[in-house]
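One chain, chain A, appears in both complexes that follow, with chain B as partner in the first and chain C in the second.
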Partner chain A sequence: MADFDTPALKPYPVIPPIEIGVMAHSKPYVAKPEIQQKIGFPGELVDNWQQVAIDKMGELVDNSRALRVFLDSCVKCGACTDKCHYYLGTSDPNNMPVARQDLFRSVYRRHYTLAGKYFPGLVGARELDQEMLDDWYSYFHQCSQCRRCSVYCPYGIDTAEISMAAREIMDTIGIGQKYCNEIIGKAQTIGNNLGLPQPALLDTLEGLEEDIEEETGVTVRLPLDQHGADILLVTPSADFFAEPHVDGLIGYAKVFHQAGLSWTISSHASEAANFGMFIGSYDNMQILAQRIREAALELGVKRIVFGECGHAWRVAYNFLNTLAGPFDFLDPNYPLPQHICEVTYDLLQRNALRMDKSANDDKVLTFHDSCNVARASRMGDFEGGQFVIPRAVIQASCNHFYDMPAHATKEATFCCGGGGGLLTDDLVELRVKGSLPRMEALKQAVDDYGVTHMAAICAICKSQFSKILPYYGFEMDQVVSVHQLVSNAIQLGGEH
Partner chain B sequence: MSLLTIAFTLLFYCATALLIIGLAVRIRLYAKTPVPLRIPTTPAPLTGAGVVGRMFFEVTLFRSLFKASKWTWIFGWLFHAALLLVLLRHLRYFTDPVWSWVVLVQPLGAYGAFVMLAGLGGLWARRFLVDRVRYISAPSDHLMLALLIAIGATGLGMKYVAATDIVALKAFFLGLMYFDWQPIPTDVMLLLHLSLVAVLMIIFPFSKLLHAPGVFFSPTRNQIDNPREKRHLPTRNAHSISQAKQT
Partner chain C sequence: MSIELDGKSYETDEEGYLVNLSDWNDQLATAMAKADGATLDENHWEVINFLRDYYEEYQIAPAVRVLTKAVGKKLGKDKGTSKYLYELFPYGPAKQACKYAGLPKPTGCV
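For the complex of A and B:
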């Protein structure tokens, strides 16, 4: 394990006193020139970077009402200061949402407000110098864009918007983050974040078909690039390989199989994740979104369904239609897009799936609401459906389910600690510490109800938990996919 | 007309013009700035009427703040509610005859000032006592509270310590409104009170007091959650993609 101490789990949530600068050293690797250039940014720090950055800031604010209103409106009331999991886990005051915003706002004030131009000291306006840029690089990569702060701010100020803008400005002057930008490049050229080409994908899916047949005796197909299929499934590429993601993918396949739905995966758009959002780059986000449109047209599908992934669902649910629409060539009887949980939920409502809940009797479950599903999107046709539907799917698959405490679920959910483009080994300390509030809530559910497993509907959450659970004395396989539970419970054979 | 009267007459014309024009310019800018994507903080209302309801509770009850921090909510809400009451009470200086409902709020408004000061005191105390809030406070955040407290204190001072000639004061303000200028009473407490109010009016459009119009324009609060039912049209076109690729 690395050279830092895992925080102790406390029996009840505590707001720590501030410790200035304790996370200033936490910085992800900087992207190499090739990576930067591939996605349209300068390879290294440009000469007149300060001016370029300030100009870009102005351009971004001119084009985003959210940024403009957020930068003006904060009254420094402090309501958000204890809401960020990274503050709670690290005690670094720059991880308080308002302080994180102020790294940006102070520069904005200096250059774009009367008060900041003439009385910088009075209103806390500052220059974007090397020291400030270093702070930007540290602390805008300590925000998982989870939006928990925006729930509690009286004006809904969303620090995620500010982090995205800051990252875009840094990319524009040539300072990008390796992890995100490398992945965006791969997804734009190969079609998925892992860089899996079509033959490898085909091989993997065939292997999964064999596994299912071996285990259940039933032939369940996982089709790739199947022209004329009804449904295009777009799922995070981690679903093809990682544990427990792949068990979720098997679950989707079984659901489609039992419901008799014709579906396919596309190698061209073999990635639901859209890391363009994490770096605030509308253009890169749009390029990735367009691949999904292209795949849907090429394969001639009627519907698009997304697999379990949090930020992917945000981009799909809220942005896809704007970025790559209109999707008038799809069947208008289905929402565009649909979440796999919505599909399964509808089938369950219609008794179209045969479930044996006792298949999961070896587990006592709880559910981790993923930030981007909870606070940035919806499922179903009613407000708050994103909380009801996954829980209903879980409860249709098992007999023992308990929620974690209310301050850590639904709209108040805590991030897993690895969202927003931070799921990289160079940020392990941050990831471990940032997961503290979630781990405390889980521990409480374990103590109160004997919970053994936590289900998640996000590829990043699942990978993050597999990695950090052991730091807190849990086992890595205590995180499961929601459709893994479905997969266990669904009774195959004898359909059609 | 005395120099003092001329000075205050000009001061209030300027302050009013800056307040109104400054706010109008800012609000226009908010309204004209595009919203590229849908970003409501969910769960969010599915209809326009729902959004009106959400906004209503935010503005009148500070619902999000209530979820966040009960102390800040109590002090903050008391301060704003009392401020509103006090402002309404002041309408009697600008209307003749005084509207009947303004007459009705007069007795309540008399307590408003004390509540307002208590709320402001609580908010200011937090800036010293809570380490997190101390960290995020700039000098301007302290000064803003000091200014409001000073306005409230000088106001109370006229009521309880050094009364001023209210009839003459009203004549001064009505004179301003109808361009029939009248002399201003010369009590120090009043002049101080009015100067501070003018300062508040002038800094309003250039400070964090923009949160008052800002809250109505916040996309996370005022957007309807219906992106699948109704396509949010792009505010820029796809050509920027190729541009991005070239740079």
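For the complex of A and C:
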């Protein structure tokens, strides 16, 4: 374990006194030149970086009215100060959303407002110098772009947008984050974040088919690159690789099987995650989204369904059509895109699946709302569907379900601590500390209701919890996939 | 960064993974483990050798489930679990074992 103290779990949430600069040392590894160049950025810090950065900032505020309004409208009311999990977990005041925004806003004021140009000292306008760039690199990689602060901001200022813009500016001058940018490059060349080539994917899926058959006696296919299938499943590559993710993938396969739906995975678009969003890069986001379109056309599918991945769902739900549309070749009778939870929910509503809830009687469940699903998208055709539908799927699969406290669920959900491109070992201190509010909420559900397991619908959340639960005295396997519960409960065979 | 062994220097990335996969040898694996305060016994080597074989065939580390299944077949079902692998490699079988096996670190949401 690393050399920092895991915060103590308190019986109720406490806003910590500030400790200035305690997280200034937290910086992710910088991407090497070849990683940067591969995805269209300069390999290292460009000579006239200050000017390039300021010009880029101007371009971004010109192109995004939202960003400009976020920068202009903060009245320093303080409503956001105690809303960020990274502030609550680290006590560093630069992790208060308003302070994080001000790292960007002060430079914007200096160069793009009248008062800031002439009276910088009076309006908190500052230069983007080396010290400021260091602060940017540190603190814009301490924001998981979860948007919890924006829920409480009376002006709706979205720190995630500001973080994305800051990261894009840093990439433009040649300073990128290794974790995100290496992954984006891999996904663009191989088709997924892990770099799983087609033969490895095939071997893995065949292995899963064997496992299911051994366990249930039923042949359930996990087809790869199957032309003419109706549904293209786009899921995070962690679903092929990691636990408990893979148990969720098995769950999707069983749902498709039992509903008699023809489906396939594509080796070309074997990744739902789109890290282009984390670095605010529209161009990179588009390249990744285009692969999904290409795969859908190539395989001739009629529908696109996304697996359990938080930010993928945000990108898909909000931007897929703009990035890679129009999808007029798909069946208009189905929503585009569709979430696997929506698919399962619809089937459950129609009594098309038989579920034995007692299969999960060894567990008492709670549900972690993933930020990008909770605050940046929706499921179903009714308000709040993104909260109702995953819970309905869980409750159809088990007898014992309890929610965590209201300040930590639904639109108020706390980030797992590893979202937004921060799920990397070089940020483990931040990840552990940032998960404190979620761990306190979980502890409360454990104490009040005897909760044993927390279900999630995001690959990042699942990996993050597997890693950090032990720091807080829990077991790593106390996080489960939502479709893992479905997988346990669904009755295979019989009439479809 | 680099690892020094027997007067030779082997380049690694920031996290200690070998940059040139062809540099790998048994002694290097032992040295990397030693640097983490770990000693490799035959059970570790079973996993490391499997990882290397798999990588040679597929150009990627095996998924955790592929690994547990292979270990279970070789060493008995009770050892074909991620719990057993975490006992061997407490920092995570995918990451720590890959490092000692000279493979790149798995990337992504894992």
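Here is the rule we use: the second predicted complex is superposed on the first by the 494 of 496 C-alpha atoms of A that agree within 3 Å, B and C clash if a C-alpha of one lies under 4 Å from a C-alpha of the other, contacts with A are read in each partner's own complex, and residues count from 1 in each chain.
The working rule: a contact is a pair of C-beta atoms (placed from the backbone, for glycine too) under 8 Å apart; a residue touches a chain by one contact, two chains touch by 3 or more.
Values in this document were obtained by computation on a predicted structure and should not be read as measured data.
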- Task: Using the touch definition from the top, say if A:Glu19 reaches chain B (first), chain C (second), both or neither.
- Result: neither
- Message: So in the superposed three-chain picture, is A:Ala200 touching just chain B, just chain C, both, or none of them (first/second/both/neither)?
- Response: second
- Task: Please tell me which partner, chain B or chain C, touches more residues of chain A.
- Result: B
- Message: Between chain B and chain C, whom does A:Lys186 touch in the aligned arrangement: first, second, both, or neither?
- Response: second
- Report for A:Asp82: first if it touches chain B alone, second if chain C alone, otherwise both or neither. first
- Task: Mind working out whether A:Leu208 is in touch with chain B, chain C, both or neither, as first, second, both or neither?
- Result: second
- After lining up the shared chain so the two structures overlap, which partner does A:Ala242 touch, if you call chain B first and chain C second: first, second, both or neither? second
- After lining up the shared chain so the two structures overlap, which partner does A:Ile460 touch, if you call chain B first and chain C second: first, second, both or neither? second
- Message: Going by the contact rule set out above, which residues of chain A touch chain B in the complex?
- Response: 15, 17-18, 20, 40-42, 61-66, 68-70, 72-83, 93, 96, 98-99, 102, 113-115, 119, 121-124, 147, 150-158, 161, 281-284, 286-287, 317-319, 321-323, 325-326, 335-337, 374-378, 381-384, 386-387, 411
- Note on the structure: Listed in rising order, the residues of chain B that touch chain A in the complex are 26, 29-30, 33-39, 41-46, 50, 58, 62, 64-65, 67-69, 72, 76, 123, 126, 130-133, 135-141, 143, 206-208, 210-211, 214-215, 217-221, 225, 227-228, 231-236, 238, 240-241, 243-247
- Item | Residue ranges of chain A in contact with chain C within the complex | 29, 178-179, 182-183, 186, 192-197, 199-200, 203-204, 207-208, 211, 236-238, 240-243, 245-246, 273, 309, 423, 425-426, 459-460, 462-463, 467, 476
- Note on the structure: As the complex stands, chain C meets chain A at residues 14-15, 57-60, 62-66, 69, 82, 86, 92, 94-95, 106-110
